[in-house]
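Both of the next two complexes hold subunit A, though its partner changes from subunit B to subunit C.
Right after this comes the complex of A and B.
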């Protein structure tokens, strides 16, 4: 019994290592050209040991001739990610033109702190070959903008009743008001 | 002898079963379904693939399996190729199941199509997200996530990466129009009720005679406003003797004088 438990414990210890998952999300509601678009990277270590020398690479997604990078960098390094921890990294970019951009791989290279094994993880945001279309703000005005027509329509219906009623009230008050005598 | 009898009976029994199907004349289309069921039973995980699962939104979903309706639920699936051949990750399927019977599907979400080739010793991360509809609010459901992939030889595999009961909660963080208008309605009802109560009570007080004291007229005050009375009239009145009474009384007063 003890011998079998020892063997089981050995197998369990052999599997203990760092394992990193990558996620990428666009935090902005719509991809707009000439506007700030915020991207968030989640680097999760779901393993039992720390991941060291973690390097994130996503430069291919934001070519400098098409994007202006305001904050953060698509390529960054983290010294250590403890086990069962998530690290968030943000990048703010401004697309220079209205254009479709092909989605590229995001890659992370990391080293296991215990075994010193180097691993390479990649993720594909959406599926390969898809494009993110950065649109002009005017194209989304019907969706994200507010029109004045409903307000004008409501005013056209409500104002005659409210304005006329108040006008009649004040005229009547000024003509026929009786001061109270105690 | 016994063995031969048993074998004979079993053969006869099998023949009887198939004969009954033929005699009944039923045309059943069980062929493909039967094959599919057999495939689902036979398909399992590949020993050369290591899969991992992790919720990224909500952040505490890995510990507390609770989701809010109307808010996105996102998770990552890690796929590790530990073998020597390529794998192709085809798609992931996510579904809500009845918590006490996982064979009963409540909702099937759209497939997450990946079609991603994973080379030997390579790791990839796949993501997927969905929204829990408000009809599931306040009830536990079984969440099942399966990943379908195949190896270079065309063998299909299915790996169940998540299979647990989760609680779907109602999101009451934002302003609800229903609650707001309900509040306004109750305020209006209370004001209307107070007005009616006031009307009713005033009627009651009038009937029982508990009315306000009537003001008894006691004439004008002694202070007279002389602004509109000419001064001459006031002087003339002061000159005359204050004779009171009727003309007859004045005559008798004169006679006595």
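Right after this comes the complex of A and C.
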């Protein structure tokens, strides 16, 4: 079962025409410690004008004493998001320990291109009090691990007849081989 | 046309393209066994339940078994002639050592015994080698296609294409003239 974490928040402004929604989604199937976990941020402008100077902040979700950030940054900027457009941002992190870690608030600051009004969007309503449990791979071995049992069974069915055939062939070959003499 | 002697029948059988009933059963048994192995692998790795996938399993096993026994037969026919040529001197030497001092046997009888023995040796060796060659080739192609080339395909299609496709390729390669 695909583990999915979708955080969605929106900021409604009566005057601003640009309207941004932020989503955070874990693309990895399971949250695993000592393994690469991929997070996707989805920033959607559902307004009628462009959002400029869009800044994404999620540094608090990945403290460096608990995570190694392999690719991407939890803090990033987009110069412009046109109306009715979506931008994606990916971060690859490796949790250092098996532990539950609280999902922190993801925030986006943006400016409306026409009114120049600065707005703020957050996922606080959704993420507050939620924890992601980064598990050890062994804990999920029964679920996600490829057991060697099917391969051993496969070998037990396929190999004896094949190996015996080669054995009988080489035994007969060695018995009836003519040694070349100089 | 007169009735063939036993020696003539033996000589003819060594050049015959058809396999004996015993050999055909042997090939079918091997092919069926080898065709069942991938099913167990897919059952374990992709959690394909037997009851749900029965039709696919039967189709895969049947198609693969037929193609593999066909490949084995072709391969045996190709190998038998080569092996008869290679083992001839060694078999004749063995017959001479065994019956060399037997004064009751004429030279013709000794030649006939050597011919029969050569045919037996070539038949068994070509059977073993064709099974080994066909099985190894099929299993290698099947594993590579199932777990690398078609890894992202749905298990049902992966199973059918990797097993029947690999067996078909092996059967096609066995139709080579040399």
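In this text, the second predicted complex is superposed on the first by the 127 of 182 C-alpha atoms of A that agree within 3 Å, B and C clash if a C-alpha of one lies under 4 Å from a C-alpha of the other, contacts with A are read in each partner's own complex, and residues count from 1 in each chain.
In this section, contacts are C-beta pairs under 8 Å (C-beta built on N, C-alpha and C of every residue); 3 or more make two chains touch, one makes a residue touch a chain.
Small disclaimer: the values here were computed from a predicted structure and weren't measured.
Enquirer: Could you say whether A:165 touches subunit B, subunit C, both of them, or neither, answering first, second, both or neither?
Expert: In the superposed model, A:165 contacts subunit C only, not subunit B.
Enquirer: Pick one for A:117: touches subunit B only (first), subunit C only (second), both, or neither.
Expert: Once the two structures are laid over each other on A, A:117 reaches no partner at all.
Enquirer: State whether A:21 touches subunit B only (first), subunit C only (second), both chains, or neither.
Expert: Touch partner of A:21: subunit B, not subunit C.
Enquirer: Considering only the touch criterion stated at the top, classify A:97 as touching first (subunit B), second (subunit C), both, or neither.
Expert: After superposition on chain A, A:97 lies in contact with neither partner.
Enquirer: When the two structures are overlaid on chain A, which partner does A:44 contact: first (subunit B), second (subunit C), both, or neither?
Expert: first
Enquirer: Just subunit B (first), just subunit C (second), both, or neither: which does A:150 touch?
Expert: So A:150 only meets subunit C here.
Enquirer: Where on subunit A does subunit C make contact in their complex?
Expert: 146-147, 149-151, 153-154, 157-158, 161-162, 165-166, 168-169, 172-173, 175-178
Enquirer: Of all residues in subunit B, which touch subunit A in the complex?
Expert: 52, 54, 56, 59, 74, 76, 78, 80, 113-116, 122-127
Enquirer: For subunit C, which residues are in contact with subunit A within the complex?
Expert: For subunit C paired with subunit A, touching residues are 30, 33-34, 36-38, 40-41, 43-45, 86-87, 89-91, 93-94, 121, 124-125, 127-129, 131-132, 135-136, 139.
Enquirer: Note which residues of subunit A are touching subunit B in the complex, please.
Expert: So the residues of subunit A in touch with subunit B come to 19, 21-25, 42, 44, 46, 86, 119-125, 127-128.
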